[in-house]
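Both complexes below contain chain A, partnered by chain B and then by chain C.
Right after this comes the complex of A and B.
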């Protein structure tokens, strides 16, 4: 342990010492590394940072030509009062929950799976493969599509996982570059063998009704219950099971975990495959519940949203589910801004990035205490 | 065949230059211990700023490239603030910056009306009489000014890094920030400066892509080149000249794609477009297999320097 007296000692930062060297001496900032922080203060700082990010984003939107009143209407009033809007948010939430939980599971063990979009593409390809080759009887078609999607997504993420564990190849770069490979393969299929024979557009043929996820009433797709079920399973696995305890061990101190006999490789591999499977399911639900066919750009924007959701949720699957619904609000509102105010959809990505930057920066205040010394 | 070969090699430098400049910028910032995953974002900012400046200033490509450098350096201020001052996890900060820049550039490009507008850009110049030499004149002496400037830039940076007091301090900050701090080198200041300088070079690479190569701005036009440059730096073991070699290798691969199409060879287009990414992964695997001997990464790479946490 650190010597308590030494760690309590006030130490000066570079910036502060430069400031105090000036002629105008109003005081200086002293920095102290916190030993612990009460939960309420931590929540206050993180919440404040998220609010700051939202405020900056709102200011940006106002600068881009949306009046503050319309902004409030679009993001708050419509979300809670308009039932159509509420439905589209729940509709949008399902794939976001999948990518968010998938990222949360894998970031726990410090494996940076940035290939979410590639795995989504393979999920879509796997499902469409079953449709185009009419594998299995109609009654079994949907489960088979789901199975193929999951297997394809897991296979796509297995390679970078294996490369990292076997050869120490940086998974940030391999997973990310494989997205481009997957995208080019998707385009090859859609402009080549899988092109729609009816209209010759670069998307697959329309799925049959029994190949699409059914509705469960109130206009809700069954994608949402599947997403909630997967969240519950993932939450049990990483929060309550012995396996989850292992993941925490690997995250906090992998050398210690190795020393006491935690099967690090197996834990890592299972987490990575699970993440690939969940990302692939995101692709599966977009293809089967939203689009009804394989399209060129169904995955766009989900990769970063998954990372954002996992980061804001602190890699907790339950929290990820809640954050995913909030991001869905952003997605849906972003689309109506695009339609009604000609704001490019890139604004949604920018807002997400601003919130991440703001929250990440606020961790400085969680880890350090600032003193103003006169 | 010879015609094909000359055309291919002559177009290689213009494909290799963005990789080379971006890799050099990354080396500067990684040598001081800052893992600059934001490269893809800085490339985009440079690319958009270059085209915007060219359109607004009425076609001054050299000025456009300077604006590209300044714009990337300006955005990197935010990154430097996050990782150097606020000690944010460098992976998170880098990723956030990439997505920030992706959103920002496609938004600003649309709002400014700079998207999908062709510009005159910078053209190749022939250095007579050297350009009159058969084959070699076409390949080596008929290029644009940035290609010609790249080798001197590499010479300068590699010289500074390995042979000057400034370079020694920069490297010491990347290898052992605590020791550097103890000898009176301001870790924050050197890291800040190196991130800014490195990002300016990455911005130049981005400006080159849009102003010299394709002469147009399209959202997300960099197509993962920033990530390939990061892989190149690992492949080059943080050595500038090896990075130039790697960039030429990737330039060769990328230059081959349009040449194959132009030569009328039937090849599945989308599989050809995969090759730079697959080649990058192959190179990473090769690095993993060989470990490349004694050349190690900067010891403090990715580690924030926290003076208050003395060990």
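Right after this comes the complex of A and C.
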């Protein structure tokens, strides 16, 4: 067992200036591969890394001319005290939760769905299709829109899934490129048959009030509870059910999984379809809760955010939900920085990147143990 | 004269678990010094300390009587200590000369490369190796790559040559050739340290032997005057008696394979005509030189690969040709794959997960709605104790951290705790030390006594001969001949070679 651990090359760094065999050696830092790591320590390392990333970001913002006090006000005080701000964060959070959880469930089995935006577009198209063809009575309109959105998203991701499982086509390429196909099809619809007859702008007609997600009080949209419900379902599926147990094997060693009778095809397909459905729901809630119509850019930036959220959450749906809310804080505060301090929105992306890099780097400390040798 | 290499009181632990506990070692110039011990005894760790890869927590290192501190492999090379690792450190798309040059940098590249090619040729000639310095590592066999490693280390000026389990990857013939070369190196004044767990190598090729157990050196003996029995006793701590096959009448036919044809992924048909049957309480051994279709046969029998033609019938289930692994496992087929970490275990997952995946679909650990972590843990803990899987400090530790023998025991624990009707075991003792090997064989014989039908596919003829009731010899994708135990080793060997 120790041979195994040892066979991964261990590095030794001499921290002492005195390198000869004398007694003056102070000691050195020794690096070892960890055998296992308690959950709390893992959480501590990841949390510490995220904090470090936030500290670096804060320093950058201060250097860009935002005073530390304003920074604190903008990101912390406003977030929790200003009800308008609080609302916009929760408003912003719902679609981010969908894309984050959608990416998390599928990255767990190492299927790199980069087609989140394409599936969102199809979610929007599916919902709008129901509106434009007035399918079903008004009371059933919203559930039907949701159903069509989900089916469209799943259909869009089913093709790359099938191509990979059947022919071994790399899903990174197919899902990514299918985004452009979806986008161009969306533009075709919006500039063509679905153009708004009222103002002739390239977006769909306004949805009726019964085609929009209702509010649940305190000015909150029902998108958020739906997102939380979906998170809970996804979390149960991948963390607690037998299906979730199987996903671990598909992720770690699919050859072995096949040999011990794990139904890897079914597991893969279900995870991919679920991801497509959740991404489509993100498109659905933006169209029906935020915009109230199908526009040509409602999906922009969500693909990257979804990947980032899943990564920071280490593909755990519950953690993805929390990270999604934090990213929403960043989005909303970033927008007010833009307005009040003329900080470009690129700064928000920079902050995201810094946090991702620090968390990614902390992986090293999760895998290795440092200790001082005398 | 002072010893060429001396290690005194070396201590090293990994993540809190001691691998070396005041280990001492001494090798002299001009001798082949074997370092013997079971898997996990600390042999490789100790040599990695000598090669400057591990920083010991305590202990002293002397080269030619002078105390040294090694802060990295570079220091060790400067002290003329060279190590050939189990996993070769070669850049595969590069040529032999480029690899050697990378390890022994000689100023200008083009000039250095020509100079290096010349030196490699000379060195190879002296050692009796046929190595072309311009061939790419990719094109070389495992044995040839090993020769490149040895040349690389020698050209770096090594006078202390450490070989970590050099014969583990070689055929018998290649191993003898290598060890003969090693003897000539020692005759020229090199101190050769041969890390091994094979007793035969020690008694036949070493001058002295240091036996390690539990991170310590327990004895230093004259290799020529010792016996395999004594060495085993020292390395293991107790005497190991290989389990014996009790004679018992076989039962009904459990699995019948008829005219099976299987192709590899690239379309090449490697199993051409496999026909045999195995009865309950019987071990059917399949002997043969590796690469004659054994892997594909195993894959077809375990449901990983669908056969092209032929049939497989299971007692009580009828024709199961081409059934999925899932279905076959439900029908009572268990598998011990040759590639433990490729097909046997998910290395990144815990001991618990790897054990429980065997039965999770039977609602043994809760319905599909909920997997019951507590009962999983309990069952896995019990199985780890029952099947004597050692090196499990924590049930949640990754299975990749288990040694080969313990990994195999974990696989056997998972596969055998379901009371399998048919067991497909492929090279079950490959790379295992004496004790682990005996433990695996005992499990197989116990399963046989319990009435399982066992197909034992192995390159190790001795293993097949000692365990099997009947023996089929596989050559070129066919079962070319069948023998009933006790089979004549010579006769079986002849079929293996002549039909190949």
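Basically, the second predicted complex is superposed on the first by the 336 of 374 C-alpha atoms of A that agree within 3 Å, B and C clash if a C-alpha of one lies under 4 Å from a C-alpha of the other, contacts with A are read in each partner's own complex, and residues count from 1 in each chain.
Methods note: a residue touches a chain if its C-beta (ideal position, glycine included) is under 8 Å from a C-beta of that chain, and two chains touch if they have at least 3 such contacts.
Since the model is a prediction, treat every value here as computed from it, not as a measurement.
**Student:** I'd like to know which partner A:55 touches here: chain B for first, chain C for second, both or neither.
**Tutor:** Touch partners of A:55: none, neither chain B nor chain C.
**Student:** Scan A:245 for contacts with chain B and chain C and give back first, second, both or neither.
**Tutor:** Second partner only.
**Student:** What is the contact status of A:216 with respect to chain B (first) and chain C (second): first, second, both, or neither?
**Tutor:** neither
**Student:** Just chain B (first), just chain C (second), both, or neither: which does A:256 touch?
**Tutor:** Second partner only, chain C.
**Student:** In the overlay, answer first, second, both or neither for which of chain B and chain C A:114 touches.
**Tutor:** first
**Student:** Determine, under the contact definition given at the top, whether A:173 touches first (chain B), second (chain C), both, or neither.
**Tutor:** first
**Student:** Applying the touch criterion given at the start, work out whether A:33 contacts chain B, chain C, both or neither, answering first, second, both or neither.
**Tutor:** both
**Student:** So chain A touches chain B in one structure and chain C in the other; where do those two contact lists coincide?
**Tutor:** 6, 14, 32-33
**Student:** How about chain A: which of its residues touch chain B in the complex?
**Tutor:** 6, 11, 13-15, 31-33, 64, 112, 114, 163, 166-170, 172-174, 176-181, 184-185, 187-188, 191-192, 304, 307, 311, 344, 346-354, 356-357, 360-361, 363-364, 367-368
**Student:** Given the complex with chain A, which residues does chain C contribute to the contact?
**Tutor:** 14-15, 17, 19, 39-40, 42, 44-45, 48, 53-55, 57, 67-69, 71-72, 86-87, 302-304, 324-326, 328-330, 335, 337, 341-349, 353, 356-358, 360-361, 366-371, 390-391, 393-394, 396-398, 400-403, 406, 414
**Student:** Touching residues of chain A toward chain C in the complex: what are they?
**Tutor:** Result: residues 1-7, 9-10, 12, 14, 19-21, 25, 28, 30, 32-36, 240-246, 248-249, 252-253, 255-263, 369, 373 of chain A touch chain C.
**Student:** Spell out the part of chain B that touches chain A in their complex, as residue ranges.
**Tutor:** Listed in rising order, the residues of chain B that touch chain A are 37, 78, 81-82, 85-89, 91-93, 95-97, 99-100, 102-104, 106-107, 110-111, 186-189, 219, 223-224, 227-228, 230-231, 234, 268-271, 273-274, 277-278, 280-281, 284-285, 287-289, 306-310.
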